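Below is one structure, written out as structure tokens; the observations come after it.
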Amino acid sequence: MDTPTKRIAINFGGGYVPGLNAVITGTVLAASELGWEVVGIRDGFEGLLFPDRYPEGGLVKLTPQIVENLAAATGCILGTAAHSDPFHVRTINAENMVEEVDRSDELLGMIKKEKIDAVISVVGSRALSILWKLSRKGLKTVCVPKSVENDVAATMLSFGFNSALSFVADMLERCRQAAQSARRIGVVEVLGEHSGWLALQAGMAVCADAVLIPEIPYDLHKVAAKLREKAKAGLSFGLVVAAEGAKPLADLNVPPKTSDPKMKAALSPGATGHEGFHVMERSGQVAVEVALEIQRLTDQETYPLVLGQLARGGTATVVDRQLGLGYGAGAVRALNSNQSGVMVVFQPPDLKFVPLTEAINKFRTIPADSEFVQIARALGISLGD
Amino acid sequence: MDTPTKRIAINFGGGYVPGLNAVITGTVLAASELGWEVVGIRDGFEGLLFPDRYPEGGLVKLTPQIVENLAAATGCILGTAAHSDPFHVRTINAENMVEEVDRSDELLGMIKKEKIDAVISVVGSRALSILWKLSRKGLKTVCVPKSVENDVAATMLSFGFNSALSFVADMLERCRQAAQSARRIGVVEVLGEHSGWLALQAGMAVCADAVLIPEIPYDLHKVAAKLREKAKAGLSFGLVVAAEGAKPLADLNVPPKTSDPKMKAALSPGATGHEGFHVMERSGQVAVEVALEIQRLTDQETYPLVLGQLARGGTATVVDRQLGLGYGAGAVRALNSNQSGVMVVFQPPDLKFVPLTEAINKFRTIPADSEFVQIARALGISLGD
Amino acid sequence: MDTPTKRIAINFGGGYVPGLNAVITGTVLAASELGWEVVGIRDGFEGLLFPDRYPEGGLVKLTPQIVENLAAATGCILGTAAHSDPFHVRTINAENMVEEVDRSDELLGMIKKEKIDAVISVVGSRALSILWKLSRKGLKTVCVPKSVENDVAATMLSFGFNSALSFVADMLERCRQAAQSARRIGVVEVLGEHSGWLALQAGMAVCADAVLIPEIPYDLHKVAAKLREKAKAGLSFGLVVAAEGAKPLADLNVPPKTSDPKMKAALSPGATGHEGFHVMERSGQVAVEVALEIQRLTDQETYPLVLGQLARGGTATVVDRQLGLGYGAGAVRALNSNQSGVMVVFQPPDLKFVPLTEAINKFRTIPADSEFVQIARALGISLGD
Amino acid sequence: MDTPTKRIAINFGGGYVPGLNAVITGTVLAASELGWEVVGIRDGFEGLLFPDRYPEGGLVKLTPQIVENLAAATGCILGTAAHSDPFHVRTINAENMVEEVDRSDELLGMIKKEKIDAVISVVGSRALSILWKLSRKGLKTVCVPKSVENDVAATMLSFGFNSALSFVADMLERCRQAAQSARRIGVVEVLGEHSGWLALQAGMAVCADAVLIPEIPYDLHKVAAKLREKAKAGLSFGLVVAAEGAKPLADLNVPPKTSDPKMKAALSPGATGHEGFHVMERSGQVAVEVALEIQRLTDQETYPLVLGQLARGGTATVVDRQLGLGYGAGAVRALNSNQSGVMVVFQPPDLKFVPLTEAINKFRTIPADSEFVQIARALGISLGD
């Protein structure tokens, strides 16, 4: 007799995005309808790997009562783990040196010991690979795609993207109005190292003058030409949106001519350097470089602005609340039909399941003939080419 | 040589929805890129049919400068016409009697006289038929689907739906919290005479206890049973969402047992009757009837609330701003490829064009096996069946 | 030696308002800085009076860790008690009859037994009297004024008012736009049985055509005259805002001519009657009566709408978040300076303490020469007189 | 016979703030009730000084119809002028050199020629002086205080502050959550060169760990000590809010040790320098300096963020919409009672009029014993001292 999965876990990898509690709620309610138990693992897998850090326990029992008011609440009651990888856990060894050790077997043992039958992991592109490796080692798992950049492959919509898009578009509208009011050109950098969905869709929503995305190398002479023409018509202001991964056409084969390291360090929260900030991520550079160059080419007052990580906070939109509940329920459905090593994806109007192999080691980028690209061009928005 | 369309018009039929200015903006920017002129017709076709009502003219010249800040602005600079139908125009005849006359030929003549090559009409299900009839009489036209109920056939997303959904879900979250705080059961009626998308998606987003939609006749004994069970567990409160077109299972073949006309009149802004309010629409009845019955069946304090037309106001979400710009640009694209008698539709991730005949005389309803229905059931939400 | 208060409690009486968690946060952080302990009493005093209802305890220990993310969170982690009065507790006696008993002494005993030195109560006008009576019987207490109607005497700003005002004004803006778009007159009823602050300030913020408040008996002929004049100028639409306590000039000395009880029951969530809803509150009547009369007097399409209790939900504005933190800290300050039987009040720019006797048995109403009244009149808003 | 003012003008000086249209609406409606005409001057006084720049005229006739839907609309239909000063107008002289000329007499002549009896100017601290000088030369004028920093003297509330505060607090809440989620310390710089109201009130509303304001020189050792203590308790994250005018205790008498000019230029939109951006304003420096130092002192990952001018955009809160309408109506009231050379101020609950001399050449700063300072300290928020 096939006994059903009885006790499942849920956890979150990668960065914070709005509305994670909705996925928890969807998972718990759907599992509860099937009579299953759900536990949450704190901070990715750290609740299991580092139990000492959690005086009240690294696992949290999740009941329908606990999620009663949770779906719309900000934050994430379980925490996320941006850099947690059980295959590469930083430890201090006997010689007092930092080294990375593989604790994946230990983790699988703990999951077994806790009688957890399967793990639902809400993760971005990077952490998907970790889950796939754990899956290959025997972990029963279903993944839910999560990304404010919407860059997870195989799904049309990653969890968190719509909320980030909504916030970024509202900020861009502020920037556009401020630029117009002060008769300046604003250059705003938004998240998107590998794909430009956030920049393109938000930039389109506010009818920016130009949008620079990683998929299309940019030539600022073309952007500047458009802004100069606009200025001639009396409209000496503008808004340029740049994804953090946007790159100039000219520099494709040459190393980036990045200025002095100190400036980079100061500007980019996380750029490297002894004197600068700790390594976090490359950020802020594009806004500054583009703004300086556009100012030079247009002779108009230009200023850079970096929205960056702010897009990760705040309240989830209704789209994300629905999607989170749906993804949670969908992951339970996958487990209930004995699937594993799969990711729940949204292919409107349906939820589907695809093998993790279809989603790992790649990013969902914007095709050259994408409808959004066509619309942006039709509206007269320069894409820098 | 094929000379392109040179001067096009845009107008709005049916009720107001948030973000109409985004469609204007998309149309004007895309047309402008092609070197076309755009004029707006005020209040549906009334700007042409009743020029005397418009001292400053029934047509508005629309330029890129005019739409510079328009996409995110609330309201609609052209106005809409809820009840305007050139085939049935109310007039007072020689005998001083009200009669309906067909002014469609006259309208087509005016459009020709104004050298308008084509009309982009942003309309709901009802007005689509009018445009189709005008199209058959020779009007070159492209329609854009607009509906806060998302009930226009052939498109996955009508303009205005996402904004209405966002508002309704936020209101339902308020109602849910208020009901929980006061330990009552709230019954909230939302728009949706023919289809329950708004009720189902918003109700799902807030994890309502039950959602009643036109597509699934309801049995309140089942809803009450669920609420009583919840009350036994100490949770003596709840939220029931009802589309205005939801109908009881029992009453499918009997006439509605509607109470006294005065009450109906008072409750429903627009229910009929000599002493009551003018005829607007059927509204409010479902909330009251369901609330009274649930109170009787659960013996818990229950109250009705009608959101109704409030869902039509406010600011457009970013989804609708994008969609409006895209639909506007898409309609221009259709005209530019010499299409007519078509509607622009969104079939993610693409805009497509379908003949008007595929969209008229029907409503887009929720299929029994819809993903939303499945998710709602998986979450334990009662659909009244 | 005067040993300071060491363990204090906080609770909430009256209806729910947005942002109650901010008061908890302010209290806990300020008390913690003084080294005090704080506990929360669930549901007014019910956590103490009915311990059996609370399997996890009727008291909640509140630490800085617990309030870390609480200030901006919706809901109230302690619950409120709308009808809880320890002097009149409903019980079923030996003869199986419902009777009210005075359990105030018992309550004071429990507070003593729990070693609670003082109670901070966040309450509206009605519950203030209860706290005053408990204070006279020896309870050390400081009250914080809470009212979405801003009708608590002695303070310029009650907690919750600004959030309700913000919500109501946004809804009125929707109503105004919808009315204009559909060329109708909307009559919207808002909370305010004794004072019209919410109606007046929100109505002023959206430039309503008329605002009817309890402080100024209204003559609908004057309102209708204004709307007719506006219609003559081609503006055949309008918005009338009415506080639920607004009364017609004519009817001041005659009993209200209220229609049939069934209609009242259905309309007003909670109006009385065997067949109708349970007794909750008088609501909805004003909107309907005013709308019917204005429709009769103007011959324009008019519809009623009741916002009512919806104003109590949602997120707190920043003003209320500040005020809540300030009131919480202020109540601790009062206790730290050995005050009792006082209410913290906001007299800009300062927090002050006034004896409870200055606030009980009265309502803060709008003076005839109030600045808001003057501004409304200057803007051409009819106050119905 | 004393003929009343018949034709008045309104204009806006200084930077953009949300809700300026509400002041226009209040002015127009109140003036209209008195039978007055109102015109708007575009871009400060530039609509009069540079008529050639305005093909459709530098003056805009403002009627009640025009403001019908204006109060809640974003933007400003008249434009503002950040650097416009009729006493110092930049022109190119006969020798082709830039020089500043005094065109104030010319301006007064134009105002007379346009039969403008009085000017209502909505201005910040800097532009107040210009209006005072014009007033001394005979211009009949009433000023309305406008400042997102709330630094205009003599009024408790400047127009635009509440909207900026609301936005900044929401952004800080995002930053706080992001910092907690990523276990980092965020240092956020907000507007406030002379006074710290925005930093203090927004920082208080989100219970920041520390708030640095111009009024209190800061010692980062104290801030770091607090953050280290928090980290010891397992809370290794934090939020520091800094007004752009905040200064270190140590550096009060020494020149700022500002790093290399290129970095400054890049960081601060507007810091000076040949290679950098045009001169706009000093911005961004505080965030970076404080973040670097706190990172050094705590050895925790720290990142700077500059909100700056973003606080000037977006929608006005209901408080500002009320205030704008009230200030507009109040300015008309002042003119109607023959006042001139005064500013309308809000001294809750009343609007008052004070001579411009009471407001010029000073800033409204935070007193050491301010209620906000007391509350912040009571909540355990470090003010850096």
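As written, the chain order gives the labels A, B, C and D, with residue 1 at the start of each chain.
In this section, a contact is a pair of C-beta atoms (placed from the backbone, for glycine too) under 8 Å apart; a residue touches a chain by one contact, two chains touch by 3 or more.
Because the structure is predicted, anything quoted here is derived from the model rather than measured.
> If you tally contacting C-beta pairs, which comes out ahead, A-D or B-D? Let me know.
A-D
> Looking at where chain A touches chain B, is over half of the residue numbers used by both copies, so same, or under half, so different?
Over half of the interface numbering overlaps between copies: same.
> From the C-alpha centre of chain B to that of chain D, how far is it in Å?
Taking the average C-alpha coordinate of chain B and of chain D, the gap between them is 41 Å.
> CA centre of chain A versus CA centre of chain B: separation in Å?
33
> Taking the mean of the C-alpha atoms as each chain's centre, how many Å separate chain A from chain D?
Comparing mean C-alpha positions, chain D is 35 Å from chain A.
> Using the touch rule from the top of the page, what residues of chain C touch 2 or more other chains?
Residue numbers touching two or more other chains: 69, 72, 74-75, 170, 173, 177.
> Using the touch rule from the top, collect the residues of chain A that touch chain B in their complex.
So the residues of chain A in touch with chain B come to 25-26, 29-30, 32-33, 64, 68-69, 71-72, 156, 162, 165-166, 169-170, 173, 177, 180, 201-202, 204-207, 235, 317-319, 321-322, 325-326, 329-330, 332-333, 348-351, 370-372, 374-375, 378-380.
> Taking the touch rule as given, give the residues of chain C at its contact with chain A in the complex, in rising order.
69, 72-75
> Would you pull the chain A residues touching chain D in the complex into a rising list?
Where chain A meets chain D, its residues are 15-16, 53, 74-76, 79-80, 82, 170-171, 173-175, 177-178, 181-182, 184, 234, 259-260, 262-263, 266-267, 269-270, 276-278, 280, 288, 291-292, 295, 301-305, 309-310, 312-314.
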